[in-house]
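There are two complexes below, and they share subunit A, which is joined by subunit B in the first and by subunit C in the second.
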Partner chain A sequence: MKFISKTLAEITSFISASIYTEKYASLNGLMQKIDARAKLVIVLAFIFLAVYTSSIWVLAFLFTIAIILSISSRISIRHYMSRVLLFIPLFTSIVAIPSIFSFITPGEGIISFFGVSITYEGVRAALFLIARVTAAVSFSILLITTTRWNELMNAMLFFKIPKIFVMIAEMSYRYIFLLLYSFQNMMLSAKSRAVSGIGATKAWKIYAPIMGAMFIKTHEMHEKVYLSMLSRGYGVEIKGNSRKMRIDIGSTAAIAAAFLTVIAVYMIL
Partner chain B sequence: MNEIVMADNISYTYPNGTVAIEDISLTICRGESVAIVGPNGGGKSTLLLVLSLLLPPDKGSITFMNERIDRKKFENEAYMRKFRKRIGIVFQEPDVQLFSSTVYDDIAFAPIHFGWNEEKIKDKVNNVMKELGIEHIAERHPYELSGGEKRLATIASVMVYSPDIIFLDEPTSNLDYESKELVIKAINSMKEKRKTVVVATHDMEIIPEIAERMIVLNRRIIKDDSMDNISPEDMGAVWGKKAIKFFEFFMEQRHKN
Partner chain C sequence: MHIPDGYLGPITCVVMFIIMLPVWWYAAKWAKERLSSRAIPMLAMLSSFSFVVMMFNWPVPDGTTAHMVGGTLIAIILGPWAAVIGVSVALMIQAFFFGDGGITAFGANAFNMAFVLPFAGYLMYRALLKFFNSDDVRARAIAAGVAAYIAINVAALAAAIEFGVQPYIAKGYCPYGIEVAVPAMLFAHLTTAGPVAAVVTAGVVAYIYKYRPDLMEVK
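On to the complex of A and B.
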């Protein structure tokens, strides 16, 4: 049980550190120079390609571009890769795991147990999917890492993404934060009051109510967070530091370059 | 008299049925400094939320700057925005107020949403951080801070836009003596600018230093008077015998100053 509580604590602090750092957004790198709206368009174009291509080479190429862009945006490669690696299993496992089994992707069995076999075709398909997700995730993370949250929200509003979605995104961003934070604290408080070296059943009895309590508590706090945001002018309109309507030449050029790349890759490969 | 906020017979009941405050009538004028005291669960935090126009009272009415705020206005956030710049509230729990990824961003939150230009934001944020002695934590993540640092950051995030009236809920909890001095100084400098200050607190040490008027609240108003008319026995009625001695001591200090 010590193992579980330790890893949970590590995971929460890792997630919160990697989602909520704006350290890289203020650096003077390539992606940071591009207007948030242009970046949104560019990244969507690449993700679109990653989702629709059927060539593994295109995916490899896209992944390479993402890495080059992140290097020229001064993101430490270690930080970047750890975030990409964090999100890949999250997205992939949901979709990929079932498809490796024979009754979903029929084919030549590799191993079989209890009548269910893992097929060669299934594994291939799963690997391809992982590659696809990796390419898409690397671009999303590039966007999130190099853009201030405020500017990203404004970019979404600019493209007439309904305000309610933007507000939901904004509030869930805060909510995950709060959830992680109170989870960490409640684990500590449980630890301080629980006897150590207890068995799994007993530990479950302690930790299960914590989960429940955590949601109630964060929900309550969340309402206060909302009030505190309201009191400081949040609501009707999200305002960022750069609220210029015009897009600069550099950002326009970046969009053009990205589109040319996407089209070229699509035609050639 | 120049009233800033008036409550007429207001009550607030939480959705679970707890009546937090009941039949409260009071008037707070521009430039006044008020301490709200009372036992735990006495309704102080609730009253601050209602007076700062964040929770609508379920009975009675509130008048802010000579404008009666009815329920329809309460529900129209676009309309309420014009009041938001004039009102500041520091919540009792810093965690609900710190939601940005750095302390700097959090302090800049209100100025950004009130649409100030970048230069002014930078200037004011840096000033208020200096005033409260927290420049060194500007780039830190709010959730990694100590209790006192969080407290100072939340005060900074409201003082930065110098609202006409500021509500502070337990502003000195978790603070060491040095930080407490800084907060008292910041409060007093707001008072010098003719801002209105309302403080809910259990910290009897700071009351004589910052407040001219005291409201004793235990769901209803028990007493509402100028500090000079508050007797140690009034305090004793709320907190028991121990408080009497304690309060006498601090009032002596006040008269010495």
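On to the complex of A and C.
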């Protein structure tokens, strides 16, 4: 039963994440006011700096900026921190643990036991990786929580990402919810018919047919979707609604401020 | 297998994007020519499918949950180029919606999971069918299972090499060299994720072959 419940929990967390995004993206905060295209440029500039820099102070500074921006965008700090820290930095910390020992990173020992020692260089390398990952993730979460999906897609069209990818991504995002709904129903009906619970072996047996049925359903659905698109006057061209819009002064100023910060941080620290 | 931002140095990120650009370009061209305007809804639904598939939690002995089965499946049924587009878009949604998989590492992630994985799976599947010299349901299921097993491991190897070279070319990123990264990644994928992918892909192919054999004849 556990596996089905876990999968169901994952579906719910996806749906609640999308609800939270809608909620935070519609608030009247600093990041929400900035044009999606400008925001994409700004966030990418900070992420590039986080990936490029070789100073731990720059990383600490970037993390601070991300937190300040999230506060001024009215994102609840608890929600923001749990989204930033819970998954990737936590995972990275576990991954980084072996690298503090002398058999991975030789160097000056700090403590040693049973012939293995924790080295200064190793701790440094592990902390560096964790700091870098955290700084980068904090900006991508900032972008994700303050931008609506369709605005992000329009921004991508503006930056000449091939239309076919953007169109597919837009449609795909929409149909994820429909597929999840039918997937959830299949899981629930399997769960509700199991009196004594579904063990691992049984879960293996029911998953493959569920997935196969999902594939067939998806395939049958695309035909219907295509026909209904045609009947509504679908042409190959799509029009993003902000492609030719000019970027407002506030957003331009935000880009300028972000670039100045990036350059200044890079020069000074 | 989703590499976050910060594991790969800047040079690796740029190189992986440069490798992927012609692949994406060709895949887009292929879709336009071969699949007509029907392609767009179909590929969109397949991306949603491979996204949803990544949400399954598989019961495996050590409690880890293994994802990533869709690539080989789409490649077998619709051809590897369709899988390139479908999985790339699913990865893009994951990166830009969940923050799962880095933005600077997107090129690398797409290379491993949307290019190497479907092509390895597809080629292996075709080769095995030729080798078995039959295409009944058993041959197809076994070929698909073996292909999925090989594909996920080849993709894991590619990812391991990408972060395994970091200590030599860029300090301050992934601290593990090839001699640690490759065995660690392959151990996890050879023993848990691989068998899951194999059994599931085989099961799904057998199921589809049983109920919609026409779908399996597309390629």
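The definition used in the following text is that the second predicted complex is superposed on the first by the 135 of 269 C-alpha atoms of A that agree within 3 Å, B and C clash if a C-alpha of one lies under 4 Å from a C-alpha of the other, contacts with A are read in each partner's own complex, and residues count from 1 in each chain.
Throughout what follows, a contact is a pair of C-beta atoms (placed from the backbone, for glycine too) under 8 Å apart; a residue touches a chain by one contact, two chains touch by 3 or more.
This one's a predicted model, so the numbers in the text were calculated from it and none came from an experiment.
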Contacts of A:Trp149 with subunit B and subunit C, given as first, second, both or neither: both
Which of subunit B and subunit C A:Met229 touches, first, second, both or neither: both
Touched partner set for A:Phe158, first subunit B, second subunit C, both or neither: neither
Subunit B versus subunit C as contact partner of A:Met221, first or second or both or neither: both
Contact breadth on subunit A, by residue count: subunit C or subunit B: C
First, second, both or neither for A:Val51, with subunit B first and subunit C second: second
Which superposed partner A:Leu129 touches (first subunit B, second subunit C, both, neither): second
Partner chain(s) touched by A:Tyr120 [first = subunit B, second = subunit C, both, neither]: neither
Subunit B and subunit C footprints on subunit A, overlapping residues: 21, 149, 178, 221, 225, 229, 234, 236
Residues of subunit A defined as touching subunit B within the complex: 16, 20-22, 149-150, 174, 177-178, 181, 221, 224-225, 227-236, 238-241
Contacting residues of subunit C [partner subunit A, same complex]: 4-10, 13, 24-25, 28, 31-32, 37-38, 40-49, 51-53, 55-59, 65, 69, 73, 77, 85, 88-90, 92-93, 95-100, 102-104, 171-176, 180, 199-200, 202-208, 211-212, 215
Subunit A-facing residues of subunit B, complex: 49, 52, 54-55, 77-78, 80-81, 84-85, 87-89, 91, 93, 95-97, 99, 101-102, 105, 109-110, 112-115, 118, 121, 141, 143, 157-158, 161
Residue numbers on subunit A that touch subunit C, as the complex places them: 2-3, 6-7, 10-11, 14, 17-18, 21, 44, 47-48, 50-52, 54, 83, 87-88, 92, 96, 98-99, 104-105, 122, 125-126, 128-129, 132-133, 135-137, 140-141, 143-144, 149, 152, 162, 164-165, 167-173, 175-176, 178-180, 183, 200, 203-204, 207-209, 211-216, 218-219, 221-222, 225-226, 229, 234, 236
